[in-house]
Amino acid sequence: MQARLAELSRLLDGELVGDPDLTVTRIGPLETADAHTISFLAQPRYLAQMLASAAGCVIVGPAMKDVATTRGAAIVCPDPYLAFARLTQWWAAQSRRAPPPGVHASAVVEEGAFIHPTASIGALSYVALGAAVQAGAVLGPQCHVGEGAVVGVGTVLKPRVVLGAACRIGQRGIVHSGAVIGADGFGFAPTEGRWEKIEQLGGVVIGDDVEIGANTCIDRGALEDTVLEDGVKLDNLVQIGHNVRVGAHSAFAGCVGVAGSAHIGRRCTAGGGAIILGHLQIVDDVHITAATVVSRSIHKPGQYSGAFPFDDNASWEKNAATLRQLHTLRERLRALERKSHET
Amino acid sequence: MQARLAELSRLLDGELVGDPDLTVTRIGPLETADAHTISFLAQPRYLAQMLASAAGCVIVGPAMKDVATTRGAAIVCPDPYLAFARLTQWWAAQSRRAPPPGVHASAVVEEGAFIHPTASIGALSYVALGAAVQAGAVLGPQCHVGEGAVVGVGTVLKPRVVLGAACRIGQRGIVHSGAVIGADGFGFAPTEGRWEKIEQLGGVVIGDDVEIGANTCIDRGALEDTVLEDGVKLDNLVQIGHNVRVGAHSAFAGCVGVAGSAHIGRRCTAGGGAIILGHLQIVDDVHITAATVVSRSIHKPGQYSGAFPFDDNASWEKNAATLRQLHTLRERLRALERKSHET
Amino acid sequence: MQARLAELSRLLDGELVGDPDLTVTRIGPLETADAHTISFLAQPRYLAQMLASAAGCVIVGPAMKDVATTRGAAIVCPDPYLAFARLTQWWAAQSRRAPPPGVHASAVVEEGAFIHPTASIGALSYVALGAAVQAGAVLGPQCHVGEGAVVGVGTVLKPRVVLGAACRIGQRGIVHSGAVIGADGFGFAPTEGRWEKIEQLGGVVIGDDVEIGANTCIDRGALEDTVLEDGVKLDNLVQIGHNVRVGAHSAFAGCVGVAGSAHIGRRCTAGGGAIILGHLQIVDDVHITAATVVSRSIHKPGQYSGAFPFDDNASWEKNAATLRQLHTLRERLRALERKSHET
């Protein structure tokens, strides 16, 4: 694949400074770029890397135009990171083959399933009774779409996704391999030392423009639906419990766990490995640092943290041992204060 | 679907107060219930919600009978949460189609596998040589049952479950999509800066009435078997290492990890994201709070915790920085105490 | 299966003390061994267990030769744990059937895929255009090998593995069920309160002798490749973000998460549930304790830790509450110190 800078600057709606006929053959990071690479500078702190880069062209913001063009061609865009994102989308669209519409001969589509003629059903996939796969949607090979489930217009299920019975995903979504949408929520009534199953009668409802990572699980609701609103992005190995609601444009990194019935606002983020306990409310615009355990509701936007600071093992051992007596330390401090106050 | 209250109160063995001919069309939470919804009150703290609910009928305990019936129909049961669980089971049984017995034409069943005539083998499933699928068992589409594995009477593997070679699950089990039972345990002998594989020669033995969540992994034992006793419930994305034993009726929430050779007692619970290190013993009736790291054996029943308390980021940063000097603080406190004692 | 001690001592290149014609029928741990079991003693602290064991033969190191032979037959090897590992390999090779070469009739192999004649493609597997499965490689049933992907000589994909488009794994690898190699990295540019996708144009490159656990995810790089060097071992449910590099012979236990662009050295280890944040550098020979959150680069080999010490719930509550005021405690201590200094 290759592209002329003239073409790319037009695509990105940017100002080209340099030779419009220069061609690039890849997008790459500044460090490993060569004369046929287009790269980008999103943050001023990588300026030195840009200056040292052999990239044929860099995408930069207006403030960097002058310095960038001292070293070679540049495309100037108001938001260079966004321009880079759009460039990757265009590049991928040019270089990847679209799956052919129609149902692969090895797929199993039950009677009564609706497959739009422009949709593509991959090899060895299974579509159950009453399911609907809408226009332009793609099921990769070995996918599973359960009874009455709906795959929205233009949504792509990568190979080996499970979309369970009566679960729905909207338009332009992407679900990565191994994701399981619509397994039973974890609900049991304790009785006489054992657990009685609460059948999970709700579904999962997913909005438009949602992306769901590999091997991520989103459980169906107990009575009503588990909901991901528009624009939600989930990384790999994320667990979303039953009845959870995730607000529009929230994004969770890998290994995040959200327990049942937590309601999370819009534009929230959670770093990798964070745990959000059940039945909590988190307002819009809350940002949870990686590995934080959110154990109560959060009513105010902002950044919240709670990881144990790591250390070399010997230091950690001493501090951890002391931590187990922290309350006692406070009592001792208080006693000293009282004594000091008396003297 | 719909049901008369007379029918439901008989089913639940409860006392109906109200019109036996009233029909309900769904089970729902108190908040969103309407006149055709049956709901339940399991905990007195939701009393106000019940009183404000438009539910056609509520399931309540004897103590709530009088107050509940001031607002409309009620079914009085000794344990309303358990009654609710049973109601969901009945509802699901009425409203879901049972998969047909027999082997789907697209499934691959190797010669020498035993499939009971009442069992159902879903589309695109694979059953290896020497495996046995017993009476009434169900393999959803795209399942995998390895060589010599056994699926017990009435057990359901949801779509795309892997039950590895020589692994056995008992009766009435449920395994959710993406679960992998019987992958190799993580065993290597270090030698000259690299790792020599220890082949995992044991299996996995799972009792009756066990439920296993989506994308959960249960490794086979190194020499003997990994064991889940009767009634164990595992949520999604749980990791059970090789040689682990989980006692009867223990239940682990999502993202729990149990390292190899840990032995866990009966009726234990672990909250989401808890980690239990290897080679530990945990007695019966131990409850591990979410996100706790259990780093040594627990010999006494009770609740154990160990999550870092989260905070707004600025507060956390200050406390975390101080925590890294905690041992020094203790030394300084001790010095002050000595000095104070001398004066 | 059974084996004579003469045969096993030859195989292990060990010194047999005892009857060469004694046969064993299983490998087992010391505790449950019987007269037909061969067991091993890798660590002196299990000496009492060995002395009490009914094992027909034990593998021991030279220092244990005299005491071991007081109780029965022994095979003396310089590194008994390594000898045990090799014994399990031999045992598995004897007792397991090799999958037949060739493509199962139910598998789907696209035109233009290369399958070496000695390779085995399991039932219901899918191999895309331009993929290559090299000599002696094995795809278990229901695997997926994407466009242009490469499975190296002798590598085994267990049932239901996904190796994404343009991803490569070297020789003698093992990938366990449910693993997803080559899903998109989690990359988005924020714009106007929503997320613009950064298409992930890199691949995943995996060296030789790598083992990857069940349901583990390894994301493709954004622009360049995510890399696992030779001999890396990953347990189950591990998350490896895009652009990560894991150095040769590093090993990560279950539920470890490594965020994007972290570069980890050789011979590192991480215990279960550890989280390594993105864009960090970790040098060779670093060992991360289970459940530690690595939040900055590590420049010195050694052991690093950071789990909150767990406790009974009441003690934890008191200490956690105090921890939230730790910075204040330090201020109070400082005030006392000043006052004490003045007097």
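Observations
The chains carry the letters A, B and C, assigned in the order they are written, with residues numbered from 1 in each.
Basically, contacts are C-beta pairs under 8 Å (C-beta built on N, C-alpha and C of every residue); 3 or more make two chains touch, one makes a residue touch a chain.
Because the structure is a prediction, the values reported are computed rather than measured.
In the CA-based superposition of subunit A onto subunit C, the rotation angle is 120 degrees, rounded to steps of 5.
At the interface between subunit A and subunit B, two copies of one sequence, fewer than half of the residue numbers in use appear on both sides, so the contact is built from largely different positions. In whole angstrom, the spacing between the mean C-alpha positions of subunit A and subunit B is 25. Among the residues of subunit B, those in touch with two or more other chains are 106, 124, 142, 160, 178, 215, 237, 255, 273, 307-309, 311, 321, 323, 325-326, 329, 333, 336, 340, 343.
Residues of subunit A touching subunit C in their complex: 26-29, 32, 79, 81-82, 84-86, 88-89, 91-92, 97, 104, 106, 122-124, 141-142, 158-160, 174, 176-178, 209, 211, 213-215, 231, 233, 235-237, 249, 251, 253-255, 267, 271-273, 290-291, 307-313, 316-317, 320-321, 323-327, 329-330, 333, 336-337, 340, 343. Against subunit C, the residues of subunit B that register as touching in their complex are 106, 108, 124, 126, 128, 142, 144, 146-147, 160, 162, 164, 178, 180, 183-184, 186, 188-189, 191, 193-201, 215, 217, 219, 222-224, 237, 239, 241, 255, 257, 259, 273, 275, 277, 289, 292-295, 302-309, 311, 315, 318-319, 321-323, 325-326, 329, 332-333, 336, 339-340, 343.
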